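Going by the order they are written in, the chains are A, B, C and D; count residues from 1 in each one.
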Amino acid sequence: MQVRVQSEIFDMGAELNRFAERQVNAGAVVSFSGIVRDLATGGLKFMVIEHYPGMTEKALQAIAEDAVQRFQLYDAFILHRYGPLAPSDPIMMVATAARHRGDAFAGAEFLMDFLKSRAPFWKKEITSDDATWVEAREADEDALTRWKPDHSPD
Amino acid sequence: MQVRVQSEIFDMGAELNRFAERQVNAGAVVSFSGIVRDLATGGLKFMVIEHYPGMTEKALQAIAEDAVQRFQLYDAFILHRYGPLAPSDPIMMVATAARHRGDAFAGAEFLMDFLKSRAPFWKKEITSDDATWVEAREADEDALTRWKPDHSPD
Amino acid sequence: MIELRYFAWIRERVGTGHESYETQAATVADLIEELRGRDEGYAFAFSDPASVRVAVDQELVEPDAPLKGAREVAFFPPMTGG
Amino acid sequence: MIELRYFAWIRERVGTGHESYETQAATVADLIEELRGRDEGYAFAFSDPASVRVAVDQELVEPDAPLKGAREVAFFPPMTGG
(Lines give C-alpha, C1' and ligand atoms only; values in the text may rest on other atoms or scores of the structure.)
Protein backbone atom coordinates (compact mmCIF):
# COMPACT_ATOMS: atom_id res chain seq x y z
CA MET A 1 0.00 0.00 0.00
CA GLN A 2 1.37 3.40 -0.90
CA VAL A 3 0.05 6.97 -0.68
CA ARG A 4 1.90 9.95 -2.11
CA VAL A 5 1.26 13.69 -2.08
CA GLN A 6 3.42 15.80 -4.37
CA SER A 7 3.40 19.03 -6.36
CA GLU A 8 5.40 17.58 -9.28
CA ILE A 9 3.63 16.28 -12.37
CA PHE A 10 3.58 12.49 -12.67
CA ASP A 11 3.47 9.89 -15.45
CA MET A 12 0.30 7.85 -14.95
CA GLY A 13 1.50 5.05 -17.22
CA ALA A 14 4.78 4.70 -15.39
CA GLU A 15 2.95 4.73 -12.04
CA LEU A 16 0.52 2.06 -13.26
CA ASN A 17 3.39 -0.14 -14.42
CA ARG A 18 5.26 0.26 -11.14
CA PHE A 19 2.10 -0.66 -9.25
CA ALA A 20 1.36 -3.69 -11.43
CA GLU A 21 4.93 -4.94 -11.25
CA ARG A 22 4.76 -4.97 -7.45
CA GLN A 23 1.84 -7.42 -7.53
CA VAL A 24 2.14 -11.16 -7.07
CA ASN A 25 -0.59 -13.17 -8.72
CA ALA A 26 -3.22 -10.43 -8.86
CA GLY A 27 -5.53 -11.11 -11.79
CA ALA A 28 -7.04 -7.65 -11.94
CA VAL A 29 -5.57 -4.13 -11.81
CA VAL A 30 -7.78 -1.04 -12.03
CA SER A 31 -6.58 2.55 -12.27
CA PHE A 32 -8.38 5.86 -12.16
CA SER A 33 -6.75 9.12 -13.23
CA GLY A 34 -8.23 12.57 -12.70
CA ILE A 35 -7.26 15.25 -15.20
CA VAL A 36 -7.61 19.04 -15.13
CA ARG A 37 -10.51 19.99 -17.40
CA ASP A 38 -10.99 23.42 -18.90
CA LEU A 39 -14.05 25.33 -17.68
CA ALA A 40 -17.36 25.10 -19.56
CA THR A 41 -16.74 28.70 -20.56
CA GLY A 42 -13.14 27.98 -21.59
CA GLY A 43 -10.34 30.18 -20.37
CA LEU A 44 -8.96 28.18 -17.46
CA LYS A 45 -5.39 29.37 -17.03
CA PHE A 46 -4.54 26.97 -14.25
CA MET A 47 -5.85 25.24 -11.17
CA VAL A 48 -4.40 25.50 -7.68
CA ILE A 49 -4.84 22.70 -5.19
CA GLU A 50 -4.44 23.49 -1.52
CA HIS A 51 -4.12 20.71 1.02
CA TYR A 52 -3.54 20.14 4.73
CA PRO A 53 -0.03 18.70 5.08
CA GLY A 54 0.05 16.04 7.77
CA MET A 55 -3.67 15.38 7.78
CA THR A 56 -3.68 14.65 4.03
CA GLU A 57 -1.23 11.76 4.28
CA LYS A 58 -3.06 10.31 7.28
CA ALA A 59 -6.45 10.57 5.59
CA LEU A 60 -5.21 8.93 2.40
CA GLN A 61 -3.53 6.15 4.34
CA ALA A 62 -6.73 5.47 6.28
CA ILE A 63 -8.81 5.43 3.09
CA ALA A 64 -6.37 3.03 1.41
CA GLU A 65 -6.34 0.70 4.42
CA ASP A 66 -10.11 0.73 4.56
CA ALA A 67 -10.37 -0.16 0.86
CA VAL A 68 -7.84 -2.99 1.14
CA GLN A 69 -9.74 -4.51 4.05
CA ARG A 70 -13.25 -4.09 2.67
CA PHE A 71 -12.53 -5.49 -0.77
CA GLN A 72 -9.74 -7.90 0.12
CA LEU A 73 -7.43 -6.05 -2.22
CA TYR A 74 -3.88 -7.25 -2.70
CA ASP A 75 -2.75 -3.63 -2.88
CA ALA A 76 -3.92 -0.03 -3.23
CA PHE A 77 -2.18 3.13 -4.39
CA ILE A 78 -3.15 6.79 -4.09
CA LEU A 79 -1.21 9.70 -5.58
CA HIS A 80 -2.49 13.29 -5.36
CA ARG A 81 -0.89 16.53 -6.44
CA TYR A 82 -1.11 19.98 -4.89
CA GLY A 83 -0.05 23.46 -6.01
CA PRO A 84 -0.57 24.91 -9.50
CA LEU A 85 -1.71 22.54 -12.28
CA ALA A 86 -2.10 23.32 -15.97
CA PRO A 87 -5.15 22.29 -18.04
CA SER A 88 -4.89 18.64 -19.13
CA ASP A 89 -2.39 17.91 -16.35
CA PRO A 90 -3.05 14.78 -14.31
CA ILE A 91 -4.37 15.75 -10.86
CA MET A 92 -4.29 12.41 -9.10
CA MET A 93 -4.60 8.69 -9.59
CA VAL A 94 -5.57 5.60 -7.66
CA ALA A 95 -4.87 1.97 -8.46
CA THR A 96 -6.10 -1.30 -6.98
CA ALA A 97 -5.07 -4.92 -7.41
CA ALA A 98 -7.28 -7.89 -6.58
CA ARG A 99 -7.87 -11.50 -7.48
CA HIS A 100 -11.02 -10.71 -9.47
CA ARG A 101 -12.21 -7.67 -11.35
CA GLY A 102 -15.28 -6.93 -9.21
CA ASP A 103 -13.21 -6.20 -6.12
CA ALA A 104 -10.60 -4.21 -8.04
CA PHE A 105 -13.32 -1.98 -9.54
CA ALA A 106 -15.25 -1.58 -6.30
CA GLY A 107 -12.04 -0.81 -4.40
CA ALA A 108 -11.06 1.91 -6.87
CA GLU A 109 -14.51 3.50 -6.77
CA PHE A 110 -14.45 3.41 -2.99
CA LEU A 111 -11.02 5.09 -2.93
CA MET A 112 -12.30 7.82 -5.24
CA ASP A 113 -15.53 8.43 -3.34
CA PHE A 114 -13.73 8.83 -0.04
CA LEU A 115 -10.84 10.77 -1.47
CA LYS A 116 -13.28 13.27 -3.03
CA SER A 117 -15.11 14.08 0.16
CA ARG A 118 -12.87 13.01 3.03
CA ALA A 119 -9.32 13.97 2.09
CA PRO A 120 -8.34 17.60 2.77
CA PHE A 121 -7.83 18.97 -0.75
CA TRP A 122 -9.41 22.11 -2.20
CA LYS A 123 -9.36 23.19 -5.82
CA LYS A 124 -9.29 26.75 -7.08
CA GLU A 125 -9.80 27.62 -10.72
CA ILE A 126 -7.85 30.59 -12.07
CA THR A 127 -8.92 32.36 -15.25
CA SER A 128 -7.43 35.58 -16.63
CA ASP A 129 -9.86 37.65 -14.59
CA ASP A 130 -11.19 35.43 -11.84
CA ALA A 131 -10.21 32.93 -9.15
CA THR A 132 -12.96 30.65 -7.86
CA TRP A 133 -12.94 27.86 -5.29
CA VAL A 134 -14.56 24.76 -6.75
CA GLU A 135 -17.73 23.92 -4.86
CA ALA A 136 -18.27 20.44 -3.50
CA ARG A 137 -20.89 18.58 -5.52
CA GLU A 138 -23.78 17.16 -3.55
CA ALA A 139 -23.46 14.03 -5.71
CA ASP A 140 -20.01 13.47 -4.25
CA GLU A 141 -21.27 13.49 -0.69
CA ASP A 142 -24.22 11.30 -1.72
CA ALA A 143 -21.82 8.81 -3.29
CA LEU A 144 -20.54 7.90 0.16
CA THR A 145 -23.88 6.49 1.28
CA ARG A 146 -23.56 3.50 -0.99
CA TRP A 147 -20.63 2.23 1.08
CA LYS A 148 -22.54 2.30 4.37
CA PRO A 149 -22.92 -1.13 5.95
CA ASP A 150 -26.72 -0.85 6.14
CA HIS A 151 -26.96 0.11 2.49
CA SER A 152 -27.68 -3.11 0.65
CA PRO A 153 -25.62 -3.27 -2.51
CA ASP A 154 -27.32 -3.86 -5.80
CA MET B 1 -12.41 4.35 -30.19
CA GLN B 2 -9.87 1.62 -30.78
CA VAL B 3 -9.88 -2.18 -30.46
CA ARG B 4 -6.79 -4.29 -30.95
CA VAL B 5 -6.16 -8.05 -30.98
CA GLN B 6 -2.54 -9.16 -30.92
CA SER B 7 -0.30 -11.98 -29.78
CA GLU B 8 2.59 -9.70 -28.74
CA ILE B 9 2.99 -8.63 -25.14
CA PHE B 10 2.06 -5.01 -24.46
CA ASP B 11 3.03 -2.26 -22.03
CA MET B 12 -0.09 -1.32 -20.08
CA GLY B 13 1.40 1.96 -18.86
CA ALA B 14 2.39 3.05 -22.36
CA GLU B 15 -1.08 2.10 -23.64
CA LEU B 16 -2.74 4.06 -20.83
CA ASN B 17 -0.63 7.11 -21.61
CA ARG B 18 -1.37 6.93 -25.33
CA PHE B 19 -5.07 6.65 -24.57
CA ALA B 20 -5.04 9.56 -22.11
CA GLU B 21 -3.04 11.79 -24.45
CA ARG B 22 -5.67 11.33 -27.17
CA GLN B 23 -8.36 12.82 -24.91
CA VAL B 24 -9.53 16.41 -25.02
CA ASN B 25 -10.94 17.72 -21.77
CA ALA B 26 -11.89 14.36 -20.26
CA GLY B 27 -11.79 14.66 -16.48
CA ALA B 28 -11.72 10.92 -15.76
CA VAL B 29 -9.76 8.03 -17.22
CA VAL B 30 -10.24 4.46 -15.96
CA SER B 31 -8.20 1.43 -16.96
CA PHE B 32 -8.56 -2.26 -16.25
CA SER B 33 -5.77 -4.77 -16.89
CA GLY B 34 -6.13 -8.53 -16.68
CA ILE B 35 -3.03 -10.48 -15.75
CA VAL B 36 -2.22 -14.20 -16.01
CA ARG B 37 -2.46 -15.68 -12.51
CA ASP B 38 -0.82 -18.89 -11.46
CA LEU B 39 -3.18 -21.75 -10.57
CA ALA B 40 -4.31 -22.28 -6.99
CA THR B 41 -2.18 -25.42 -7.04
CA GLY B 42 0.79 -23.56 -8.56
CA GLY B 43 2.61 -24.96 -11.54
CA LEU B 44 1.07 -23.00 -14.39
CA LYS B 45 3.63 -23.11 -17.18
CA PHE B 46 1.70 -20.91 -19.55
CA MET B 47 -1.75 -20.02 -20.77
CA VAL B 48 -2.94 -20.25 -24.36
CA ILE B 49 -5.71 -18.02 -25.63
CA GLU B 50 -7.62 -19.08 -28.71
CA HIS B 51 -9.89 -16.64 -30.52
CA TYR B 52 -12.06 -16.34 -33.60
CA PRO B 53 -10.30 -14.01 -36.04
CA GLY B 54 -12.77 -11.79 -37.78
CA MET B 55 -15.56 -12.22 -35.25
CA THR B 56 -13.31 -11.10 -32.40
CA GLU B 57 -12.63 -7.68 -33.87
CA LYS B 58 -16.29 -7.16 -34.75
CA ALA B 59 -17.46 -8.22 -31.28
CA LEU B 60 -14.98 -5.92 -29.54
CA GLN B 61 -15.90 -3.01 -31.78
CA ALA B 62 -19.61 -3.53 -31.06
CA ILE B 63 -18.98 -3.72 -27.30
CA ALA B 64 -16.88 -0.54 -27.38
CA GLU B 65 -19.52 1.34 -29.39
CA ASP B 66 -22.23 0.19 -27.04
CA ALA B 67 -20.24 1.38 -24.01
CA VAL B 68 -19.50 4.79 -25.54
CA GLN B 69 -23.16 5.35 -26.30
CA ARG B 70 -24.58 4.08 -23.01
CA PHE B 71 -22.23 6.01 -20.76
CA GLN B 72 -21.56 9.01 -22.98
CA LEU B 73 -17.88 8.18 -22.96
CA TYR B 74 -15.46 10.42 -24.80
CA ASP B 75 -13.51 7.33 -25.81
CA ALA B 76 -13.04 3.61 -25.19
CA PHE B 77 -10.14 1.25 -25.82
CA ILE B 78 -9.93 -2.55 -25.81
CA LEU B 79 -6.75 -4.56 -26.29
CA HIS B 80 -6.73 -8.37 -26.01
CA ARG B 81 -3.96 -10.87 -26.63
CA TYR B 82 -4.12 -14.40 -28.02
CA GLY B 83 -1.62 -17.24 -28.25
CA PRO B 84 0.72 -18.38 -25.47
CA LEU B 85 1.05 -16.13 -22.40
CA ALA B 86 3.43 -16.55 -19.47
CA PRO B 87 2.37 -16.24 -15.81
CA SER B 88 2.18 -12.56 -14.75
CA ASP B 89 1.90 -11.46 -18.40
CA PRO B 90 -0.83 -8.92 -19.14
CA ILE B 91 -3.73 -10.63 -20.96
CA MET B 92 -5.78 -7.63 -21.94
CA MET B 93 -6.78 -4.14 -20.97
CA VAL B 94 -9.62 -1.71 -21.42
CA ALA B 95 -9.68 2.04 -20.87
CA THR B 96 -12.46 4.62 -20.81
CA ALA B 97 -12.52 8.42 -20.76
CA ALA B 98 -15.46 10.49 -19.59
CA ARG B 99 -16.34 13.84 -18.12
CA HIS B 100 -17.01 12.40 -14.66
CA ARG B 101 -15.72 9.36 -12.84
CA GLY B 102 -19.04 7.54 -12.50
CA ASP B 103 -19.40 7.09 -16.25
CA ALA B 104 -15.75 6.19 -16.73
CA PHE B 105 -16.00 3.45 -14.08
CA ALA B 106 -19.37 2.13 -15.29
CA GLY B 107 -18.15 2.13 -18.90
CA ALA B 108 -15.05 0.12 -18.01
CA GLU B 109 -17.05 -2.42 -15.98
CA PHE B 110 -19.51 -2.74 -18.85
CA LEU B 111 -16.68 -3.36 -21.32
CA MET B 112 -15.26 -6.05 -19.06
CA ASP B 113 -18.57 -7.78 -18.42
CA PHE B 114 -19.37 -8.04 -22.12
CA LEU B 115 -15.85 -8.87 -23.16
CA LYS B 116 -15.78 -11.78 -20.67
CA SER B 117 -18.92 -13.44 -21.94
CA ARG B 118 -19.55 -12.11 -25.43
CA ALA B 119 -16.18 -11.88 -27.16
CA PRO B 120 -14.87 -15.12 -28.70
CA PHE B 121 -11.82 -15.86 -26.56
CA TRP B 122 -11.05 -19.13 -24.79
CA LYS B 123 -8.31 -19.72 -22.23
CA LYS B 124 -6.40 -22.93 -21.74
CA GLU B 125 -4.09 -23.48 -18.78
CA ILE B 126 -0.98 -25.57 -19.39
CA THR B 127 0.89 -27.22 -16.52
CA SER B 128 3.78 -29.67 -16.82
CA ASP B 129 1.36 -32.59 -16.98
CA ASP B 130 -2.02 -31.19 -17.92
CA ALA B 131 -3.86 -28.83 -20.27
CA THR B 132 -7.27 -27.60 -19.16
CA TRP B 133 -9.77 -25.25 -20.78
CA VAL B 134 -10.85 -22.60 -18.29
CA GLU B 135 -14.54 -22.95 -17.52
CA ALA B 136 -16.83 -19.95 -17.81
CA ARG B 137 -17.88 -18.72 -14.39
CA GLU B 138 -21.59 -18.43 -13.81
CA ALA B 139 -20.88 -15.12 -12.08
CA ASP B 140 -19.59 -13.75 -15.38
CA GLU B 141 -22.81 -14.56 -17.19
CA ASP B 142 -24.83 -13.20 -14.26
CA ALA B 143 -22.85 -9.96 -14.40
CA LEU B 144 -24.50 -9.12 -17.71
CA THR B 145 -27.97 -8.89 -16.20
CA ARG B 146 -27.13 -5.68 -14.38
CA TRP B 147 -26.83 -3.86 -17.71
CA LYS B 148 -30.30 -4.83 -18.91
CA PRO B 149 -32.61 -1.86 -19.45
CA ASP B 150 -35.28 -3.27 -17.10
CA HIS B 151 -32.76 -3.86 -14.35
CA SER B 152 -33.01 -0.83 -12.09
CA PRO B 153 -29.52 0.25 -11.05
CA ASP B 154 -28.77 0.63 -7.40
CA MET C 1 -22.13 -25.34 -48.75
CA ILE C 2 -21.62 -23.78 -45.36
CA GLU C 3 -18.23 -23.19 -43.78
CA LEU C 4 -18.23 -24.73 -40.30
CA ARG C 5 -15.79 -23.55 -37.66
CA TYR C 6 -14.97 -25.08 -34.28
CA PHE C 7 -13.11 -23.55 -31.36
CA ALA C 8 -11.51 -24.59 -28.06
CA TRP C 9 -12.59 -28.00 -26.74
CA ILE C 10 -15.29 -28.34 -29.36
CA ARG C 11 -12.55 -28.07 -32.00
CA GLU C 12 -10.46 -30.65 -30.14
CA ARG C 13 -13.33 -33.12 -29.87
CA VAL C 14 -14.43 -32.68 -33.49
CA GLY C 15 -10.83 -33.01 -34.59
CA THR C 16 -10.72 -30.06 -36.98
CA GLY C 17 -10.95 -26.26 -36.87
CA HIS C 18 -13.01 -25.82 -40.02
CA GLU C 19 -14.62 -27.68 -42.85
CA SER C 20 -17.06 -27.10 -45.70
CA TYR C 21 -20.33 -28.89 -45.18
CA GLU C 22 -23.47 -29.50 -47.21
CA THR C 23 -26.69 -29.44 -45.21
CA GLN C 24 -30.44 -29.02 -45.56
CA ALA C 25 -30.84 -28.25 -41.85
CA ALA C 26 -33.25 -25.37 -41.31
CA THR C 27 -31.98 -24.15 -37.97
CA VAL C 28 -28.84 -24.19 -35.85
CA ALA C 29 -30.43 -26.79 -33.56
CA ASP C 30 -31.20 -29.03 -36.55
CA LEU C 31 -27.62 -28.70 -37.75
CA ILE C 32 -26.25 -29.64 -34.33
CA GLU C 33 -28.51 -32.71 -34.27
CA GLU C 34 -27.23 -33.67 -37.70
CA LEU C 35 -23.58 -33.19 -36.75
CA ARG C 36 -24.01 -35.31 -33.59
CA GLY C 37 -24.86 -38.26 -35.80
CA ARG C 38 -21.67 -38.04 -37.87
CA ASP C 39 -19.24 -39.82 -35.55
CA GLU C 40 -18.13 -40.24 -31.98
CA GLY C 41 -16.04 -37.05 -31.99
CA TYR C 42 -18.99 -34.90 -33.06
CA ALA C 43 -21.28 -36.74 -30.66
CA PHE C 44 -18.84 -35.98 -27.82
CA ALA C 45 -18.41 -32.33 -28.90
CA PHE C 46 -22.17 -31.72 -28.93
CA SER C 47 -23.16 -34.03 -26.07
CA ASP C 48 -24.19 -31.11 -23.84
CA PRO C 49 -26.05 -28.55 -25.95
CA ALA C 50 -26.22 -26.13 -23.00
CA SER C 51 -22.46 -25.64 -23.20
CA VAL C 52 -22.35 -24.96 -26.92
CA ARG C 53 -22.46 -21.39 -28.22
CA VAL C 54 -23.12 -20.66 -31.87
CA ALA C 55 -22.32 -17.78 -34.20
CA VAL C 56 -23.84 -17.47 -37.67
CA ASP C 57 -21.77 -15.27 -39.92
CA GLN C 58 -19.85 -14.11 -36.86
CA GLU C 59 -22.90 -13.01 -34.84
CA LEU C 60 -23.97 -14.88 -31.71
CA VAL C 61 -27.35 -16.58 -32.22
CA GLU C 62 -29.78 -18.78 -30.30
CA PRO C 63 -30.28 -22.45 -31.27
CA ASP C 64 -33.54 -21.70 -33.08
CA ALA C 65 -31.82 -19.30 -35.49
CA PRO C 66 -32.47 -20.14 -39.17
CA LEU C 67 -29.57 -21.16 -41.38
CA LYS C 68 -30.99 -19.85 -44.65
CA GLY C 69 -28.33 -17.75 -46.37
CA ALA C 70 -25.65 -18.51 -43.77
CA ARG C 71 -22.10 -18.72 -45.09
CA GLU C 72 -20.27 -19.51 -41.87
CA VAL C 73 -21.45 -21.25 -38.71
CA ALA C 74 -19.14 -21.45 -35.70
CA PHE C 75 -19.46 -23.67 -32.62
CA PHE C 76 -17.62 -23.02 -29.38
CA PRO C 77 -17.91 -23.29 -25.58
CA PRO C 78 -18.91 -20.35 -23.36
CA MET C 79 -16.33 -17.62 -23.80
CA THR C 80 -13.65 -17.01 -21.19
CA GLY C 81 -11.78 -13.90 -22.31
CA GLY C 82 -10.85 -10.90 -20.20
CA MET D 1 -3.15 27.32 23.70
CA ILE D 2 -4.61 25.65 20.63
CA GLU D 3 -3.11 25.92 17.18
CA LEU D 4 -5.84 27.02 14.76
CA ARG D 5 -5.54 26.33 11.04
CA TYR D 6 -7.63 27.66 8.17
CA PHE D 7 -7.81 26.42 4.58
CA ALA D 8 -9.19 27.53 1.20
CA TRP D 9 -11.78 30.30 1.32
CA ILE D 10 -12.03 30.11 5.09
CA ARG D 11 -8.32 30.95 5.22
CA GLU D 12 -8.82 33.82 2.77
CA ARG D 13 -11.72 35.28 4.75
CA VAL D 14 -10.00 34.95 8.12
CA GLY D 15 -6.84 36.41 6.61
CA THR D 16 -4.34 33.89 7.98
CA GLY D 17 -3.49 30.23 7.59
CA HIS D 18 -2.71 29.56 11.23
CA GLU D 19 -2.51 31.16 14.63
CA SER D 20 -2.17 30.18 18.29
CA TYR D 21 -5.30 30.87 20.26
CA GLU D 22 -6.31 30.74 23.90
CA THR D 23 -9.85 29.54 24.54
CA GLN D 24 -12.10 28.07 27.20
CA ALA D 25 -14.58 26.81 24.61
CA ALA D 26 -15.81 23.29 25.45
CA THR D 27 -16.77 22.16 21.96
CA VAL D 28 -15.98 22.90 18.34
CA ALA D 29 -19.33 24.64 17.98
CA ASP D 30 -18.55 26.87 20.98
CA LEU D 31 -15.18 27.74 19.48
CA ILE D 32 -16.77 28.68 16.14
CA GLU D 33 -19.25 30.90 17.95
CA GLU D 34 -16.38 32.58 19.80
CA LEU D 35 -14.33 33.09 16.62
CA ARG D 36 -17.30 34.61 14.79
CA GLY D 37 -17.31 37.42 17.33
CA ARG D 38 -13.66 38.38 16.76
CA ASP D 39 -14.03 40.56 13.66
CA GLU D 40 -15.74 40.87 10.29
CA GLY D 41 -13.36 38.46 8.57
CA TYR D 42 -14.06 35.68 11.06
CA ALA D 43 -17.78 36.48 11.00
CA PHE D 44 -17.73 36.16 7.19
CA ALA D 45 -15.68 32.95 7.27
CA PHE D 46 -18.07 31.28 9.68
CA SER D 47 -21.33 32.86 8.47
CA ASP D 48 -22.66 29.55 7.15
CA PRO D 49 -21.81 26.81 9.66
CA ALA D 50 -23.17 24.14 7.27
CA SER D 51 -20.30 24.78 4.89
CA VAL D 52 -17.57 24.58 7.53
CA ARG D 53 -15.75 21.30 8.13
CA VAL D 54 -13.58 20.81 11.21
CA ALA D 55 -10.67 18.56 12.07
CA VAL D 56 -9.36 18.19 15.62
CA ASP D 57 -5.79 16.95 15.68
CA GLN D 58 -6.14 16.07 12.00
CA GLU D 59 -9.26 13.92 12.37
CA LEU D 60 -12.61 15.06 10.97
CA VAL D 61 -15.13 15.75 13.75
CA GLU D 62 -18.71 16.89 14.18
CA PRO D 63 -19.47 20.34 15.67
CA ASP D 64 -20.35 18.88 19.06
CA ALA D 65 -16.88 17.35 19.44
CA PRO D 66 -15.16 18.33 22.71
CA LEU D 67 -11.98 20.42 22.58
CA LYS D 68 -10.44 19.06 25.79
CA GLY D 69 -6.86 18.03 25.07
CA ALA D 70 -6.92 19.29 21.47
CA ARG D 71 -3.64 20.68 20.16
CA GLU D 72 -4.71 21.63 16.64
CA VAL D 73 -8.10 22.59 15.26
CA ALA D 74 -8.55 23.15 11.54
CA PHE D 75 -11.43 24.81 9.68
CA PHE D 76 -12.11 24.38 5.99
CA PRO D 77 -14.87 24.14 3.39
CA PRO D 78 -16.17 20.80 2.05
CA MET D 79 -13.30 19.01 0.38
CA THR D 80 -12.96 18.94 -3.41
CA GLY D 81 -10.03 16.65 -4.18
CA GLY D 82 -9.91 13.87 -6.72
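Quick note on the criterion: a contact is a pair of C-beta atoms (placed from the backbone, for glycine too) under 8 Å apart; a residue touches a chain by one contact, two chains touch by 3 or more.
Bear in mind the structure is a predicted one, so any value in this text is a computation, not a measurement.
Enquirer: Could you name all chains that are in contact with chain B and with chain D at the same time?
Expert: A
Enquirer: In whole angstrom, how far does the Cα centroid of chain A sit from the Cα centroid of chain D?
Expert: One centre to the other, that is 26 Å.
Enquirer: For chain A and chain C, let me know how many angstrom lie between their CA-based centres, rounded off.
Expert: Centre separation, chain A to chain C: 47 Å.
Enquirer: If you average the CA atoms of chain C and of chain D, how many Å lie between those two points?
Expert: 71
Enquirer: Would you please write down the residue numbers of chain A that are in contact with two or more other chains?
Expert: Where chain A meets two or more other chains at a single residue, that happens at 34, 101, 112.
Enquirer: Could you check chain C for residues that touch two or more other chains and list them?
Expert: Residue numbers touching two or more other chains: 82.
Enquirer: Return all touching chain pairs.
Expert: Going through each pair of chains, those in contact are A-B, A-D, B-C.
Enquirer: Give every residue of chain D touching chain A within the complex, in rising order.
Expert: For chain D paired with chain A, touching residues are 5, 7-9, 11, 55, 58-60, 74, 76-82.
Enquirer: Show which residues of chain A lie in contact with chain D when the two form their complex.
Expert: Interface residues on chain A, with respect to chain D: 34, 49-52, 54-55, 58-59, 80, 91-92, 112, 115-124, 133-136, 140-141.
Enquirer: Quick one: which bits of chain A touch chain B in the complex? Just the residue numbers, please.
Expert: 11-17, 20, 23, 25-35, 37-38, 88, 90, 99, 101-102, 104-105, 108-109, 112, 143, 146, 153-154
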